[in-house]
């Protein structure tokens, strides 16, 4: 363990700034053979909705140049099953736990948030107002500052635990959406969710994915994600958790220099089960090689206008 | 020559649906050693502004996973030099000629458009309201339906020749912007320009590009571009010229099946000087193999809601 | 599923085993030790523009020399890249993954079509090592695209659609005949979905247990992404994960 | 610039010429026929995640056997991919590109630092073939990273920063001395910008003509993208294109 990697987000002490991204780490049960999830700064689990969701019909994924499209459609076992079977298994996991919350209505978000707070097992909520793969809710809320503000306000009113608003990149001005969330009391911003995309099966002359469109993630989107973090860091004073195509320690540093206080790894972990430990180790080596007392010294280094303190 | 590739756009007869993208083919002077530009359906030249522009300081480009960032900043010789030296050289080039028009103000667009119409050498104007690499104009106009409508309206009033509005993907709803352009009398839509992105030089702890942000293009953005074409084709009844990451005939077919009547090739041509002829040849083979009388038969094949006629 | 590891595997040999098909032997001792027939590995590639690892069935594994055998068709950029590796190169793979075949049958038939034959070589070995009898029934379009056709010439039954090797027609022909001839305790099948469905019908009629291995596009291979659903595998309105609940399923559970 | 072509070049040989540096000979007859010293080629790579071709100076070209020689440092994914090619593999390259050196000097000095030596081997050959004398002055950090150090041992002057080969110090030391000793009609230089600036200063003082070759990141290599500007090359408020106006420039035009 490397003390220089210690990170603090809205009072949450993390051993390092690296988390799993939601939807690419299951409920922390899939990669245990490869490494102990306790080594991460925090675990972010798959989106949770009040009722179970079967998700979209297959095919659900499709590879694209240096990226992938997914249209899982928020498949998850629902709140009851989560509380009965999954939450207990996550107790004592050895690191911070963040629950990704999704819904079709504002009431859905509030219901899940309240239940998770009551259960007490989690350290923060990540409110997913950015899923492009469901007909209702999701993107609809995240696509405007007004919609984002509404959800933030409702969840803020409902729970006292930290809330992170997860934003969609499919907007004209993401910093404006982030600001609206901050104004309504969000503790942090996480960005970006996937870019809405489509791939066409030329032989079949129709979209590859059964859902037609899907969310683009992976290295292909990294430049867009870094730019958005950089823009947003100049607009809000709450911490940003950066993600989108991170697959090496250097990529993680790009986000942190752009202004992110912590990072999450999604697609890269799917492609390589050792991605997260490799990235943490790389950061560890970096702080040593650069002689940094704390990784925080480089946060915002490439973003002089960054507003957040510390 | 393959008759099955003949394409017609707002009355413009093209020998095939493949064009160069603006800014990646100079003024049609760079690739003559490799192939005769007359083989293309149309040539789209570099953006033209009223006065010469020096462009941004270097570095101006940067490779990203399956993509590149550029921040050229509309470097061009200006209208006078264009008329004196370049327009004459483009006479008799043997195919359709489309001039990409840029500006900081609406008057700029009108000035260039009028001069080009008067000169008479070009077949259409592509109005670039989507350049992310200049401080004024460009993106500012293209970022909202209202701004786009204003430019379209002004240029439409000024000239009778065909105008193609070139849209930016950096918006929440590109189809809405396209609709606004159609409503003001645009003859066609071309999409997409580059996605705003950033890459950070981790060693130097600052953005790679002198301009800080740049425009992302190449295969990485293709899924986003295809999706936007597909969405827009369901909203407008004027033809769409699709682009963004096309580097093979199959990629071109993706755009056409998504609803584009023609396509343009940018970054792929930079990476391989034989890209455009290779793509035209691939399409030629495709119509033969599939036994199509016309490539138009597959336009919109993956987009049942497409509105344009024919 | 446990004992999964990520290994830097060294290429021991590569050989052509049919038109556009390769057999590759890798040194991957940990995977060789724990792999069971029907399980698969994910192969990371350095192919241009590629991102995700590619699933390939384990077609042989020898704990003694630490070798893992893959048999695959070169169909796209990932398998194209893999086919270009040479002896001594290294390839990153992880596994073994998924739920494999239930071995322990005493007298069974293995039905393979196309690349679906790959895992059956391993399964046959395992069943025979455990003292059972396993009759391999191999189907293909023609001789040229039948993998390891020379190996299959002895002790196996081959059916090709053009009759260029073995019987003329589909594998279901010989399968029906065999089942009518005598009693088997189990059938295993791997191949294209239409073949699997036909085999399922034949087995159902005969009251024979059948296990089938399904294919689909995969993201992670370990159950993390929910990406590997397939039309054929649904249960009580929920989608099964081919990577974790499968790729081997009891036939009555899947194939709609 | 004319006679540019895109060729599928076959690798004839690959050799190590310093720590992390390779010499690769390719069969590319059309490029071999028209390439001039100082020109470069763009090399397309199949490296993962890469997109753009990479510029490499022509370090030798023989119209007789159709060979083109490249000498390069393995610094990243493109050159790493290239270094992995073996005899018989093919590599897509296009060229020759850019504005090369003005040959025809009768008695000149070529100053190269690091990978900047690559094009000078070709230039030296050409000048000598035309009957001129060309003295090669090679600089490097140390012997290990001096390309072709064994070739340079005879008939050239070497300076290393640690003195592990040739003179101790920078190339400007021997350069000044040579110029003071006798009259040369021309100097050519290729290497890092600080070296070029130092050489420019020395030559300006001595009133000697100097041509320098600049480097920058490139998009297309042919003048189509306006991406290859560099801090050092500006003219009347406009940016020069390194790919087309250069990479070789008269020293007084560039180096700010």
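Here the chain labels run A, B, C and D in written order, and each chain numbers its own residues starting at 1.
Please note the rule applied: a contact is a pair of C-beta atoms (placed from the backbone, for glycine too) under 8 Å apart; a residue touches a chain by one contact, two chains touch by 3 or more.
The structure displayed is predicted, hence computed values, not measured ones.
Trainee: Which chains share more C-beta contacts than any other pair?
Mentor: More C-beta pairs are in contact between A-B than between any other chains.
Trainee: What is the chain whose Cα centre is as far as it gets from that of subunit A?
Mentor: D
Trainee: Rounded to the nearest whole Å, what is the centre-to-centre distance of subunit A and subunit C, using the mean of the C-alpha atoms as each centre?
Mentor: 36
Trainee: Cα centroid separation between subunit A and subunit B, in whole Å?
Mentor: Computed from C-alpha means, the inter-chain centre distance equals 34 Å.
Trainee: Provide the C-alpha centroid distance between subunit C and subunit D, rounded to the nearest whole angstrom.
Mentor: 53
Trainee: Please work out the Cα centroid separation of subunit A and subunit D, and write it as a whole number of Å.
Mentor: 47
Trainee: Tell me, which residues of subunit D touch at least two other chains?
Mentor: 49-50
Trainee: Quick check on subunit B: which residues sit in contact with 2+ other chains?
Mentor: Touching at least two other chains: 64-67, 218-219.
Trainee: Which of the residues in subunit C come into contact with subunit D in the complex?
Mentor: Interface residues on the subunit C side: 46-50.
Trainee: Quick check on the complex: what are the subunit C residues that touch subunit A?
Mentor: Where subunit C meets subunit A, its residues are 1-6, 44, 49-53, 92, 94, 216-220, 222-231, 237-239.
Trainee: Using the touch rule from the top, collect the residues of subunit A that touch subunit B in their complex.
Mentor: The touching residues are 64-67, 69, 143-144, 170-172, 195-200, 202, 205-207, 212-214, 216, 218-224, 226-227, 230, 245, 250, 253-254, 257-258, 298, 301-302.
Trainee: Can you list the subunit A residues touching subunit C in their complex?
Mentor: 23-26, 29-31, 33-34, 46, 52, 54-55, 57-68, 70, 72, 75, 218-219, 267, 269-274
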